[in-house]
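Each of the next two complexes has chain A plus one more chain, namely chain B in the first and chain C in the second.
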Partner chain A sequence: MKRFSLKYTLLTYRLDQLWFPLAFLAFFIILTLLLRNEVQNYDIARAYVGFAVPLVGGFMAAYAILDDPALELRFATPIRAAQILLERTTLIFLIQAVCANAFLLFSLIIGVDFSPLGNWVNVQLCWLLPTITLIALGTFGALIGAQTMVGSFLVGLVWFVELIVRDGMAVNNWKYAYIFMSILSPEHPDLVSNQIALFALTIAFLFVAWALLRKQERYI
Partner chain B sequence: MIEITGLTKTYGSGNKTVNALNGVDLQINSGMFGLLGPNGAGKTTLMRILSGIVNPSGGSIRINGHDLTTEAGKYAVKSMLGYLPQELGMYTELTAEQFVDYMAILKGLDDSRKRSQRVAEVLEMVGLREVAKRKIKGFSGGMKRRVGIAQALVNDPKMLIVDEPTAGLDPEERIRFRNLLVNLAADRVVLLSTHIVEDIGQTCRDLAVLAKGKILFRGSPAEMLKATEGHVWTLTMSGLEKPNHDLTVVSMLHLAEGTQYRLVGANVNGYSSAQPTQPGLEDGYVWLMKSTGQVVMES
Partner chain C sequence: MSRFIGVFRHEFNMSIRRSGMWIAYGLLFVFYTVTVLWPSPEESNVFTDATLWQLAGQLAYTFNLFLPVAAGILAADRMQRDFRGGVHELQSSTPLSNLVYILGKYFGVLAASLAPVLVWIWVVTACLVATGNAPINLMYAMTVTFFAMIVPAFAFVIAFSLACPLIMPLRVYQILFTGYWFWGNYIPPEIFPTLNGTLLTAGGMHAYQGYFGGFHGLQDPLTYTATDATLNLLVLGLCIAAVMTVLNYYLQWQSRRA
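And then the complex of A and B:
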């Protein structure tokens, strides 16, 4: 039994969670068009895919599971915690993937050169890894605190602190948890280790989130 | 069949520990079973445990042979469960038909032809066929409850749990709802949790009263009434005089000759004009609470 419907997953998705990433996308596109400067266009593109997309993804993930009006009814059905988790976080990831790639495409069309970030795979990893890490963190935070606000606070805190201390993050042992390394230090010798570590962190956060979600009584 | 033995549920820890359920033993067979109790008695906790949402702290529960304290047991029970929670949250942007269809998918009804037939059937059953294509956000409280019961029934559950289903419904809706539940109880276990005594009296042949996490009474409504015989009186008093505090006023009526009180208590010593009267289930409930030392309303 599949116990899944894409149609209803989309129909029950809150529209304000769609407007939020779209508003960011529109803002950065307008900003790029207004500035029309080759160097600044590159920086704006990096800011959007490397910083805005992960942040928005993390915030949305904090609301993904608990902000469900029919949560108690859902819990009373025989669907597994893993399915709820994947269904909700995958949707958020896909929205962010579409936004990031739409902006990358737009940037390429107006002539932005992404070669300093490496090949196309590396460009994709610049938004993908921080996004999945913050999505996992947002989900984990909301579930461990049993409140959506805890998840979004945690995402905002990590994002802000890492942005402020970015130079320090790149040179000590915290470099493995440095979510902006791909976008800010693409030449860093430990970039691959950092990317593997971020992926592992994502899996760890999602695993704990899954274990927490099995304790359904915490959330009703 | 539901077998509950020594069930406990504790929330919090240290000084903030709350014993929501305190050694509950119950055996429930098919048919309509009423769970009565004041607010905060532990009814919703018990319903949620039986739905597999909340884990018990201790004791054992077996439903049709499945052990609800294990993951496999919970999965099996949820597969044969229909649940209508007290606080019914729904996706109000969906139509009634879509919502019930979605819940059917979550419950594992994969065959779309059979599913749409079943969705139509349950919407017909709850009298919502005509408005099936309307969005839930435009529905009244009663209609939303009916959508709730439709989703609970869509998988043809062997066990139906309804928690305070008539709260907020108008009298006509309540009667319709009660009749619907009685019909459904013909071939399954229907567990009705409520603090409205009348709902139980009109529908259940078997009931339990829960207070402070303990079962105070287990039996039929007739047995409850029998236990109350000799403890209910009517008394008419003039002026500002009121019955003493050992007696609980169940109802009062202003008449030309004074105020007529319906009283429940151990005795009416000192009131020679008090007339013994036939107890109702509400009197039975009040007497049970009073005789077991529970706090009942001010006299």
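And then the complex of A and C:
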């Protein structure tokens, strides 16, 4: 019975979780090809992997668990909360990972130089950390508010606020929660601390989300 | 008219009671209250009669950074839920016309989104006045800037938030909307092609510069005049009317298909 879960996920999969990230990817590729500007190519690549991919991942995650018409039936099966959480968020993460790396590959092919961001691992961390943080935040928000809308709002707000006040975020204690530090301030002396803090925050959000998901009566 | 009032009242009551809205507004209100009442030394401004309108406009412009994002995201499911829950089929069997339904829904959501903001602005302004940090005229100035800058921004985003999720998945709209608000209002046009700087800008910069004098102490000449600000409000109003009209045709088409 428990093994049936993945099949269920695929059968009930919302296609917009797939076509929308791909459409976004295609849009940024077309935009890059249209502008044909070396300086802007780098900026567009940063904008896509550093900002667009985390935003899409976060919003998708807010709807991942609770936006299921058969939620009550699903809760009636002996599937563990951790398994539901993992299978729903992992799928979203994998799609974002494929999109981010496809765009990085495309950028490398057209000659974009990512050396200002550091080595290959650092470039990967530029999209990976904000994406997992917003995915965890979206899931946590939806579950704590028992509404997908709360998760969406938290993702949208954090993304927007951190983008607007990015200079302020990098200079005080908020720097540890600054999700765009890897992409916007790769030279920052506290970058490693920031990355560790974001990872810890992700784990904390997912842990609380797991604890909340165990109280199934909250969502029925 | 009684039908419009009925839809309006019902939508207002539903929207204003949403816990999600109060959580969202609560977070933003706390953030803004702290920054307005206890600004950092370099950001603190002295409200005098000479600078009153500029500083009131600056506050309204600052509120427009984040509050319409929350309102747009939260309003996105208000009309779609009627379709998803099958309520619209019941409504279409009543003598309620599509236009009355749309207008009642729109103004209900708009009023429910704006009412907490207006009350909170009055409370914060009253605190500033009571502590002697601003003259009593600030109450009037903040109310005027609320109607000139915040109401148009909310009216614009809520119109799209009601209509767009009917033709695309809710989460897709919310992603596009959040990205749009940053791209269309805050990216300088010199850096990247954007709607910012055009008459379609909804962030309130046109009204802020055109009606209230722009940022206090800034030496650069103002980019927008009062005429630009009025044109901006007219264009936003036309966009809202266009969205409502298209939505009306869309619902009529849906009714014919059913």
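The rule is short, and it goes like this: the second predicted complex is superposed on the first by the 213 of 220 C-alpha atoms of A that agree within 3 Å, B and C clash if a C-alpha of one lies under 4 Å from a C-alpha of the other, contacts with A are read in each partner's own complex, and residues count from 1 in each chain.
Operating definition for what follows: contacts are C-beta pairs under 8 Å (C-beta built on N, C-alpha and C of every residue); 3 or more make two chains touch, one makes a residue touch a chain.
Everything numeric here is computed off the predicted structure, so don't read it as measured data.
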*Please work out whether A:I220 is in contact with chain B alone, chain C alone, both, or neither, and reply first, second, both or neither.*
first
*State whether A:G111 touches chain B only (first), chain C only (second), both chains, or neither.*
neither
*For A:P189, select first, second, both or neither according to whether it touches chain B, chain C, the two together, or no partner.*
neither
*Based on the superposed arrangement, let me know which partner A:F59 touches: chain B (first), chain C (second), both, or neither?*
second
*First (chain B), second (chain C), both or neither: which does A:A76 touch?*
first
*Which residues would you name on chain A as touching chain B in one complex and chain C in the other?*
none
*Give every residue of chain A touching chain B within the complex, in rising order.*
1-5, 8, 11-12, 68-79, 215-217, 220
*In the complex formed with chain A, which residues of chain C make contact?*
19-20, 23-24, 27-28, 65-66, 69-70, 73-74, 77, 169-172, 174-175, 178-179, 181-182, 186, 192
*Where on chain B does chain A make contact in their complex?*
48, 51-55, 75, 78-79, 81, 83, 85, 87-94, 98, 101-103, 105-108, 110, 151
_Contact set on chain A toward chain C in their complex_ = 14, 16, 20, 40, 43, 52, 55-56, 59-60, 62-63, 67, 145, 147-150, 152-153, 156-157, 159-161, 163-164
